[in-house]
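Residue numbering begins at 1 within each chain, and the chains themselves are lettered A, B and C in the order written.
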Amino acid sequence: MNYELKNIPERTLKPRQTGFTMVMDKGLSPREVEDFLAVGSEYVDVVKLGWATSYVTPNLKDKLNIYKQAGIPTYFGGTLFEAFIIRGQFEDYRRVLDKFDMSYAEVSDGSLEMNHEEKCQYIRTLSKQVTVLSEVGSKDDQKIIPPYKWITLMQAELDAGAWKVIGEAREGGNVGLFRSTGEVRSGLVEEILTKIPFEKIIWEAPQKAQQVWFIKLLGSNVNLGNIAPNEVIPLETIRLGLRGDTFSDFLSMNGK
Amino acid sequence: MNYELKNIPERTLKPRQTGFTMVMDKGLSPREVEDFLAVGSEYVDVVKLGWATSYVTPNLKDKLNIYKQAGIPTYFGGTLFEAFIIRGQFEDYRRVLDKFDMSYAEVSDGSLEMNHEEKCQYIRTLSKQVTVLSEVGSKDDQKIIPPYKWITLMQAELDAGAWKVIGEAREGGNVGLFRSTGEVRSGLVEEILTKIPFEKIIWEAPQKAQQVWFIKLLGSNVNLGNIAPNEVIPLETIRLGLRGDTFSDFLSMNGK
Amino acid sequence: MNYELKNIPERTLKPRQTGFTMVMDKGLSPREVEDFLAVGSEYVDVVKLGWATSYVTPNLKDKLNIYKQAGIPTYFGGTLFEAFIIRGQFEDYRRVLDKFDMSYAEVSDGSLEMNHEEKCQYIRTLSKQVTVLSEVGSKDDQKIIPPYKWITLMQAELDAGAWKVIGEAREGGNVGLFRSTGEVRSGLVEEILTKIPFEKIIWEAPQKAQQVWFIKLLGSNVNLGNIAPNEVIPLETIRLGLRGDTFSDFLSMNGK
C-alpha cells in the first residue's frame, strides 16, 4: 500500500480461495489489457472473456499471452460453451480449449435448456482437462429458480467436479441473483449460504450497489465476479472500507 | 474467426451496404483510437466524431490520419453542420471539410428549425463534394414526428442525394426512434420499412436492448449507428447469435 | 480551435477561477492518464484521485508525475482525509501529503459525523500546508441539509481558509445537490448563490443532464466537478453551446 492506515480489514493473498475478484473482459485490445493490469494485476484472480467475444476478437493469442505473463488465468464465458453444445460440437470445444492452452473453462446453461445430469456430465468430463467453473441461474429474467433448487444444483455441480460455482447476473446485473431492477434477491443468497460453503461461490455483482450489498453481508473477502476492468480499484476500496458505502462497516470489527 | 462454429449467420463484408456499423467517437485520444481499431477495424464501417467534438479535440489531424490509414472513413456529427448553418457559415463549413480532407458529411436538423426544402438543398450541394449521410428526427423529446412524415422526409433526402439516411437517437438512445425510456417506437420502424429500402437506413441504437431489438426484427445485417467504441465486439456477437440475447434467433434460420 | 465558428461564448483561460473543470480519476493507469491528457489537458484544471483509491493504486508516484508534468494539480479525495481522521491519524495524513508532494487537499465530512468547528480547524491547519478544497453535503441520501445551513457551512469554511467549496454529489450524482433520481435540488442551488460568490463554488455534476442544468443556469464558465475523464471533451462542447442540449442557449447572448 502507498501509505499506512490503521484498522484496515485483512485481505487474502493470491492464490485466493476467498476474497476473489473475477473480471469480465468484453473485448479489450492487447494494450488495453496492459493498461488494466498495470493497476489491477494484484487484485484480479481470474479474467473471463465475456460470453463468445473470443470468437470475434482479433489478436486473441496476443491478448491471452499478456494475461498469462501477468500470472492471471483466463477462461471463455459460458455462453461460448453453450454455443458449441447447441451445435453438437462438444469435442470441437475441447480442442479449442487445447488450441488456446486454456486451463479453466465455464460450464453453464443460461441460454439453453439442458438436462441437469447432462450438465454434470460435461462438468465431469471437462474437469479432467481443465479447472471448471460452473454457473447456476438463467439469463432469462422470466425464469425464477427457487432457493432450494439453486442449492441442489450448486451441490450437484460441485460434486461433479466444479472448482467453484458462479451465481448468474449477466453483464447488466439484472437477472438470476438480482431482480430486473438490479436489487439483490437477498433471501435467496442467505438460504444458499446455509448449505453451500462461502468459499465455493462466486457472486456475479457488476453494479456497485450489488458489490456493496455482498461486502456488507459477507465481508471483505467475499468472492465477486463480472467486475468491469475499470471497477477493480473502486471494488478494492469497498472491500477495505475506504469508500463512503462501507466506510463504517469494518471499523468496529477491528476493535475501534 | 478464431475457431469454427457451425450455423453462424452470414455477415456482409466491407465495403458494406448492409450489416453496417457506425461508431460514435466522442473524444478519443489518438492512442485510444489505435486501441479501438486493434479490435474493431474489421467490424466498423464508418466513424462519426460526435456532434461538434471536433471543434475542441486536440490532435485532430493525427486522429483522422489513424482512421484513414486503417481504411475507415470518418465524418463530423450533424450538430457541427447545424452550428455552421445557424451562424450563416455554410461556405466556411465546406472549406472545413476540404481542409480536413473529409469524404463524408452529415446533414441534419435535430437542434434547429429548418425548412425541409432548404435541408434538401444543402444535401444537393454537399453531395457534389462528399458522400452525404442525412439524419431525420429531432433531438427534442417533445417533438414527435408521425411515421408518414418520417417516410416523406427520408425519401426526399435520398432523392436529394443522400447516400443513406440516419434515424436519430442521440448518444443516449432516448429521442427520435425511441421513447424517453429508451423503448423502441416499433410501429414507426415497421412503417418506415414498408417504403424505404432496408439498406438505405442506419438506425441509431446506442443501447444494447435497442441493438438486440433491431437485430431480432431485421437480422444480423441491419445497419446500426451510434455504437460506442467498446461495444463493437459485443455488437458483433449479438449479430452472430453468440450472446444470450440473440442466442436462439439464428439457429433455425440456418436449418438447425 | 481546429476551425473558426462565430459567436462562441468566451471561455476563461488557465489558471481559471471560474469555468473550472475538476475531473475524478478513480484508478487510471499511467498510460491511461497520458491518453486522457492528450485530449483533456487544456480543459482540465484539477484532478481528484477519487475517495481513497490512492491507497490501493499501484504506480501512484508515476501517475502523479504525469499529471505534474502536464501542469495539472491533483488531490486525494475527501474520503481519504476522513479515513485518516476517524483513525486518529491526522498527523500521518499531513505526512502523506508531504511524502507525495501534494499541493492541494480536500477536507470533507461526507462519511462521518464531525463537529463543524473541528472541521474548520482542520481547514485552518491544512491551509498553512496546501491549498484546501472543502466539501459540503453528506454522502448519505437520508441526510437532507436545508439551504440556509449549506450557506452557513460554506461561508464558515471559506472563512477558515478554504480556497473553494465543493457541493457534494458523489460519483453517481445522486446525493447532496441532487435527489436520489439525479434531479438537481434547484431551489437549493439558487439560494446558495444569493450569498456565496459564484467563483468560490465547484458543483459536482457527474451526469450530463446535471452539467447541462448548471450551464443553462450559470453560463459557460460555471465551475464543475466529478467529471469523468472521457466526458471532458463532451463537457467542453456543452459549455460552448455546441451540443444539442445547449445549442440555442448562447447564440442570443452574443447578439445573434
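Observations on the model:
Rule of thumb we're sticking to: contacts are C-beta pairs under 8 Å (C-beta built on N, C-alpha and C of every residue); 3 or more make two chains touch, one makes a residue touch a chain.
Chain labels with UniProt names: A, B, C = Phosphosulfolactate synthase.
The structure displayed is predicted, hence computed values, not measured ones.
Least step count on the touch graph, chain A (Phosphosulfolactate synthase) to chain C (Phosphosulfolactate synthase): 1.
Relative orientation of chain A (Phosphosulfolactate synthase) with respect to chain B (Phosphosulfolactate synthase) corresponds to a rotation of 120°, obtained by superposing CA atoms and rounded to a multiple of 5.
Look at where the CA atoms of chain B (Phosphosulfolactate synthase) average out and do the same for chain C (Phosphosulfolactate synthase): the two points lie 34 Å apart.
Under the contact definition stated at the top, the residues of chain A (Phosphosulfolactate synthase) that touch 2 or more other chains are 31.
Here chain A (Phosphosulfolactate synthase) touches chain B (Phosphosulfolactate synthase) in the complex through residues 26-32, 50-60, 79-80, 82-84, 86-89, 92, 96, 99-100, 110-112, 139, 170, 172, going by the rule given at the top. Those residues of chain A (Phosphosulfolactate synthase) that touch chain C (Phosphosulfolactate synthase) in the shared complex are 1-7, 31, 34-36, 38-39, 41-43, 208, 230, 232-234, 236-237, 240, 242-244, 247-248, 251, 256.
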